[in-house]
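A, B, C and D are the chain letters, set down in written order, and residue numbers restart from 1 in every chain.
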Amino acid sequence: MASKNADLHGNVPDQCSVALVLIDVINDMEFDSGAALLENALPVARRLADLRRRAREAGVPVIYVNDNFGKWRSDFRRQLGHVLEDGVRGQPVAELLRPDEKDYFVLKAKHSGFYDTQLDLLIDHLKAKTLILAGFTTDICVLFTASDAYLRDLDIIVPTDCAAAANMEHHDRALEHMRRVLDVKAVLSTELDLAKLVGESTARAE
Amino acid sequence: MASKNADLHGNVPDQCSVALVLIDVINDMEFDSGAALLENALPVARRLADLRRRAREAGVPVIYVNDNFGKWRSDFRRQLGHVLEDGVRGQPVAELLRPDEKDYFVLKAKHSGFYDTQLDLLIDHLKAKTLILAGFTTDICVLFTASDAYLRDLDIIVPTDCAAAANMEHHDRALEHMRRVLDVKAVLSTELDLAKLVGESTARAE
Amino acid sequence: MASKNADLHGNVPDQCSVALVLIDVINDMEFDSGAALLENALPVARRLADLRRRAREAGVPVIYVNDNFGKWRSDFRRQLGHVLEDGVRGQPVAELLRPDEKDYFVLKAKHSGFYDTQLDLLIDHLKAKTLILAGFTTDICVLFTASDAYLRDLDIIVPTDCAAAANMEHHDRALEHMRRVLDVKAVLSTELDLAKLVGESTARAE
Amino acid sequence: MASKNADLHGNVPDQCSVALVLIDVINDMEFDSGAALLENALPVARRLADLRRRAREAGVPVIYVNDNFGKWRSDFRRQLGHVLEDGVRGQPVAELLRPDEKDYFVLKAKHSGFYDTQLDLLIDHLKAKTLILAGFTTDICVLFTASDAYLRDLDIIVPTDCAAAANMEHHDRALEHMRRVLDVKAVLSTELDLAKLVGESTARAE
């Protein structure tokens, strides 16, 4: 039903059994390993922009889960303005992945997207059972968030070409750990059939 | 130290043992009991604006804890824009209590300011031990938030003239319950000496 | 299905859309208002023993949610031993409501049965959507637990003759608050048809 | 003060800045990789028994954080009885690490010791700031618990010879991850000076 509505009207529906979660993609990358991360993150951002477009077409809601980076008085739009306008390293990634009016966003203050945030309630609101986790970095915030998703019995997919770390060996090891311990399905984004995923995830939930 | 910095520089410091929490003051009041609430809320908002000014002078941080009112794609600034610009009932209250750049804000999706929000982490960040809870409505969101603050062993003050409900009998009963069960200090805002409170709360924490 | 199994085999099934939650019924009542509470609690315990028997017959699981009363090294069975064997005030209540092998129990350290306890996970495990809350005291731990159940979108029933407080005026006001603010169905235990409740709650969840 | 009391009276004090957390050491190991785990776990249990004895001498409280292994009606003592008396694989480990009256215990239903358990409240009660995490398995429950401890800004020590996994390569990689991402101090148990740790951790907290 979700994807049918989306086909007809181009609207992102309020409920869908699958959600695409973009972790820390709006990020100035002005830290020590930021240059190394940017090199790995830029090709990821291009593929992720494509996955985000396909999610939109399939009626899969997109959730930006983003660190407040210690700026407790800020909000997500201000964070976005900073990364787009202040000449920081992360600007080209943010330009590729700029959210629009239909996207959801959740601010986190710690590494896990679930820790003292509204993500649990938003997932309940959307009735999502499967999370596609992508973004930066695979071995830190993506892994923390995947671990917490696993504790909540959610199905987890990490498209291996839509996440990165400053050191890609850490990326590989984190994926290996997530596959083995967290039952994460880690495949190329091009192998994901989002409409089929929505159908399967909805069927499992019923 | 907190209040000294504030005296010297007019800055709200990042840490203070006391915080003023304004609950659901940015609120369109476009619901059934909204007209009744507005009548009680408007004089409260005037007194609360004064308390907020005194908090600022004493170096006490101000936290807006506000419902997202089911608008999951919105944020606090957009919520504020809606209440200030769309000709809704709650506009005069929002005009009196409009936040500025130095204030903190936390979005909640449920009645308690603590439930799946960043409030716990923000309180840790500020090192606050005493919360002054104010806003609307005394018997619902203020009471839910006070109950959760009590579970966390925080000291709680509710200035009785800075909170309201649509029905003031419910306001009175909620205050009575908070006094008796949650050890809430419920006094007139004019009886609060904020600088003294900061000193006492800091001393207890050490 | 749940109630059918129970009819055939007398087993409490692992899953049921309704659960009966007994709050702080294993309680030595050795505190200031304990004598007043006991006087009100003893007739409640007799009715609650009957409701518990009917829950068992209808395949409704029974969960004891009990305070650790500051004894961090204790567990529920030891707590039970203390109340049954040490000649304390709460002994006659505990004798009427002694749990057996089929009951579940959750220790809490604070007033709400949900705060940093396993109750959320147990409710998920049971797939319960409706909680029947009973026990002591109506205005403190029952109210705290009902408030947290409401935040979790659970349906709540409080049988008015199966809960008590030291002061029955506080009991009455808490029930009034729960009815008005938490959508609690507050009726006599004799008006509850448990088999019908299970059917209705299961149907709503599907 | 904590260690002084312990020296004088042999009591474990109620408060200490350091706590020793034993994860899933009471475990029947009756699962696929249980035989492999037992082989690695038995020498660990001997060293851990020694560390536990030293913790007791230094006034450091010992907390057993143990899975309920899906037995929702069970408690920790019953779990202990099962592992000691039913002729299961994990019996020799449980015999070496049998808790006594002075130990604390927390039941968990999921992999992290913090997820919907009383561990947060117990740590607050003890005023612990540094956790020594040990037990099984390094790459699953120890890692989950360490990740959640890191989110809570606790200092974490994992004695490398007091934890194990079925596959020791997974143990090594988990330690490497914990060192790099979670700021875990991972050293041999023989290098830990518990009295000194208590002093340092207490000083940092003041």
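Keep in mind that, in the parts below, a contact is a pair of C-beta atoms (placed from the backbone, for glycine too) under 8 Å apart; a residue touches a chain by one contact, two chains touch by 3 or more.
Keep in mind that this is a model prediction, so the values were computed, not measured.
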Touching chain A and also chain D, the following chains: none
Chain of greatest Cα-centre distance to chain D: B
Rounded Å distance between chain A and chain C, as computed from the means of their C-alpha atoms: 41
Length of the line joining the C-alpha centres of chain A and chain B, rounded to whole Å: 33
Where chain D touches two or more other chains at once, by residue number: 110
Contact graph of the chains (line, ring, star, complete, other): ring
Interchain contacts (touch definition) - all pairs: A-B, A-D, B-C, C-D
Touching residues on chain D, where the partner in the complex is chain C: 14, 68, 72-73, 75-77, 101-105, 107-110, 116-122, 125
Of chain C, residues touching chain B in the complex: 110-112, 115, 139-140, 144, 147, 150-151, 170, 173-174, 177, 180-181
